[in-house]
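First subunit A sits with subunit B, and in the next complex the same chain sits with subunit C.
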Partner chain A sequence: MNVLKSLSILLTTAILTMPGVLAAEDFSPSERATILSLGPWPPALVQDSGNRASGDLKAIEFGKKLFNDKRLSKDDQVSCADCHKPELAFTDGMALNEGYKKITRNTPAVTNLRWNNWFGWGGEADSLWAQSIRPILSRNEMAATPSGIRRVVINDPDLSCRFKATFNLDPAGLGKHELLVLIAKALAAYQETLVTDVTAFDHFRDALLAGDRNAMSRYPRAARRGLKIFAGSGRCTFCHFGPRFSNGEFSNIGVPFFVAKGKVDQGRYGGIRTLKRSPYNLLGKFNDDGTAKNTVRTQHVTQRHRNWGEFKVPSLRNVARTAPYMHNGSVATLADVVEFYSDLNEERLHTDGEKILRPLNLTDQNKTDLLAFLETLSSGLVTKPGSPDPFRECSSVSRQ
Partner chain B sequence: MKVIYISAGLMLACFGSAVAAEPVQLIDTHIHYSHDAWDMLPPAQAIKVLRKAGLKQAFVSSSSDDGTQLLYGQAPDLIVPVLRPYRKRGELSTWFKDPTVVDMIADRLAKNTYAGIGEFHIFGDDANRPVMKSVVQLARKYGIFLHAHSDAAAVINIFKQNPQARVLWAHSGFAEPDEIGEMLTRFPNLRADLAFRNDHATSDSVDPDWRQLFLAHPDRIMIGTDTYAPERWYYVVEHADWTRAWLKDLPGDLAEKIAWKNAQALADWALKK
Partner chain C sequence: MKLSLIATLTLGLSCWAFSARSCPIIATDHQLTATSAKYNLAIVAAPLPIRVGQAFSLALIVCDEQNQGFSGIIKATARMPLHNHGMNYQPSATALGKGKFVLDGFLFHMPGQWQFSFDLRDGELMDRIQIKYLLEQ
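Right after this comes the complex of A and B.
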């Protein structure tokens, strides 16, 4: 009997220590708390007080149409959707795209943006609508002009009709900047709705919260081990925290930021300068929030030495679908990203700049597990039931 | 009458622009030109950057020291060479355990001209290790300063080894103004640089606590950029502009000392000028 008991204990011990087996209780209390802080998903969608079109059904539909309209670019060459392709998780799958000229930054996904405070790799915009203006006017990207956009809208009966129906304003009676801003606000209203769905990780996180062992057991063991690294020894959640897996701020993780010999991408440093000079920032006249409560960040942000070469900490939702990686697309695959952090080049970091960063020195098993976890952050978009066409009054115009 | 007014206005405009053309002189005490910068920024280009920033001089230390020598060869009037004990930047957390570093430093000191040894990273009791002790002794032998990226404990340990040592405290130890003040008061041979710090000033005004520190120790503090990665060379000009902006918030003579005179005095002492 004793022999049987000993064998049983040995077998149990062997199973529990086998690679691949990890139970909920194997997360430390702090790891568990960290994991729970990565949800619930999605957070409540709060209307953007700076954008009168935020959450408006007509604006959302109008914005969707504009997002796919090549006429928002010079010579009708590219639409927003040509670089933010829905089938590629709203990225372009390229390291560096070329619009009208070579672009020096990787095209980011435009999902889950409503909860951001800063937009763009350098945080050049403080609202989603202002960020929507940037590529339209960028000479390297869509190369349009405010007057060109105005011409497109007022000369197209369908767009004019939709514009009037959305904003209750005649576009022909607006100046080029006023009209451009409203176009951008419709684009933002649409992009706010691009919210990714719950993932396998979210199911696990909710099961952990509920203590539902059965549901937890459906989460792959390798992913669980990877999650333990992510939330524990890897300290990834110092920057990639909260339900969006991002602190929404900027960091220098040692990715080179030369764009050519003798030229650097200043990152957040240049981003703050651009933001402060922009006529479209929240301190300007186009902010719809009469209380100005949404201006505090913009008022107080200042350039600091550390901002030189800092780039946005990206959300990790759908990270497995948004290759290549880093601000300049210089890391091809997610496995390469894991390698990057495993062998992090400390020489490129200031010892007092990014104190939390250190090489993770991962084993091959660690790398596989971390990758398995990151792959559980993928999902499609939250889909909503279709609504009747909000622009029925424009249908007769469209047929003309 | 109108003609006279216009002429007077033109004269004033010309005079005004002539005055404005003279930027405040600066000596940047915290520049590195390490191995990974040489390709993207060849020596002639690097010197151009320093001149574009309007620097009177720059204290340069590099991993390896060959970078410093490359720049010194190009512009001996501009470069104040400082000997870094790293052969490549990755040695910043291991150098003080490697006895061969002492041989390398001794060899270089015998061959070349240096105003100091540094910038090196040393913290706490590691400053009492044999390699660091040898570095302190070599600095004493050659009468040059030590550029230490250190906590207060390491600085204290260095002064225990040689109370006459002259130490330039990199980044002012990332300490608060009151602690920096205490250290400067306790160690008359301690100097402090402001590299990679923003807390002492915004673009146009000096923080009150720092102002008090500057006024209490007008001859001890100097400015620096810290080009710890090659891309940061393109920040030198921005940094110089920012520095000139906040220096305007200080009395003129104090601003001049922090801008360049304190650094000049340290370099002159070390280079026996």
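Right after this comes the complex of A and C.
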């Protein structure tokens, strides 16, 4: 009996350690490759060639000040930071915000955007600085005008001084559009520095690469099983790809896109139209990249019928901290998102649409596991040691 | 190390694309080829390797059965047959003469099986050549 028992234990261990026979939370070679492709984090922060202010210390500080300044809105009502709240991972925590009028899209986080190519849920902008102009002028969000912004900057000695110190240009000598673009470029320079930190998942991924079993064992088993679904049978990484957990493109996953009776959000379809019409797109005169190398996407993107109802594949970094979810904020919790994918409504998916998506019909255990995995993607921001005030020359003006 | 590798590959492509060499097609590294009844076609991508979500270009050469360079019009695209979708971008073609072209504006947004498709139009004649490409992650 004893002999038999030890024999069977021996056999089980042998089977479990045999290559090809996997415990629930072990990974196949292709799952392993997929997991490794979700890192390393963070990628290198390369300067944005279309934005002369990108990476510039003064522009970053100036942009931070502007991001928190309500005077960029009509009647000084809201700042960027009122909707992109640092304490809420740069979102607003609500399904749909109201600036000056009801907004029909959920406020996304403004972190990790340097590695993004399209901005807005429909990809209405092709650069971070162009995207930063949009809320200022949008009648629903900040409802300001280029001439209004010019007046604010010129009439405030402190802002004027910082503007001059940053761009080496007298704001009073600039036209309203030129000035607005530079304000947006400073805003972009600041937002580029909002990078989320390394997560529990990243530690696991790096340990997997290094073959460090000890470090791997610190990652919860439930999260490992959830990761296996994410990178394997769930096929999530077809779209939530790479270190940002987004391929940067657009898909229709069947989230309804009616915004009011008889009105729809056209998603990517309308986004491409807005992009092509914008005087601020990279094909226009405000692109600082003389080689125009950064225009390939904008030049070649074409509007197709299937773009109707497609929305940007959101990054999943910090996803546990950015509820509610989807372009219209219609899904309240991360557990509800998992339910959504489990019961995916096939009729709502375009008949000619993605064949990747299908209802996953997850068990309760699967759902808990997938959720546990998604919860390991969060962290705070990478913080840098504070630099001395780059605007010392402005301190006398601001005290006036 | 990595940088210099990319530099050499890109350089390799431009040499290939702009060299005086013309038809017939000679085998080179990283080159994919296909044929139809009338044409032989070869492509090389740059930068290499092709990566998910990153734009790339193709250097392309097309020769007919008499080893003359194709001088018609090329329209190129790519799709994922299993997923039933194409790219989100329409590549543009620039003719360099002697059957050589540069195609800009490709972007594969998912890993998996892709299929390039080249429509060759010479007056009334239309030919389509397809090349499969497996994009690993």
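Going forward, the second predicted complex is superposed on the first by the 376 of 400 C-alpha atoms of A that agree within 3 Å, B and C clash if a C-alpha of one lies under 4 Å from a C-alpha of the other, contacts with A are read in each partner's own complex, and residues count from 1 in each chain.
Rule of thumb we're sticking to: a contact is a pair of C-beta atoms (placed from the backbone, for glycine too) under 8 Å apart; a residue touches a chain by one contact, two chains touch by 3 or more.
Bear in mind that the values here come from a model prediction, so they are computed numbers and not experimental data.
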| item | value |
| --- | --- |
| Clash or fit, subunit B versus subunit C on superposed subunit A | fit |
| Subunit B versus subunit C as contact partner of A:247, first or second or both or neither | second |
| First (subunit B), second (subunit C), both or neither touched by A:341 | neither |
| Which superposed partner A:119 touches (first subunit B, second subunit C, both, neither) | neither |
| Touching partner for A:261 - first (subunit B), second (subunit C), both, neither | first |
| Contacts of A:309 with subunit B and subunit C, given as first, second, both or neither | first |
| Touched partner set for A:301, first subunit B, second subunit C, both or neither | second |
| Angle at the Cα centre of subunit A, taken between the Cα centres of subunit B and subunit C once the superposition is applied, in steps of 10 degrees | 60 |
| Superposition-derived minimum Cα distance between subunit C and subunit B (Å) | 5 |
| Overlap of subunit C and subunit B interfaces on subunit A (superposed complexes) | 302, 304, 306, 352-353 |
| Residue numbers on subunit C that touch subunit A, as the complex places them | 52-53, 55, 82-85, 88-92, 104-105, 107, 109-112, 136-137 |
| Touching residues on subunit B, where the partner in the complex is subunit A | 36, 40-41, 45, 88-90, 92, 121, 149, 171, 174, 196-198, 202-203, 226, 228-232, 234-235, 238-239, 242 |
| Footprint of subunit C on subunit A - complex, ascending | 33-34, 37, 117, 237-239, 241-242, 247-250, 296-297, 299-302, 304, 306-307, 352-356 |
| Subunit A residues within the subunit B interface of the complex | 254, 256-258, 261-264, 266, 269, 302-306, 308-309, 346-348, 350-353 |
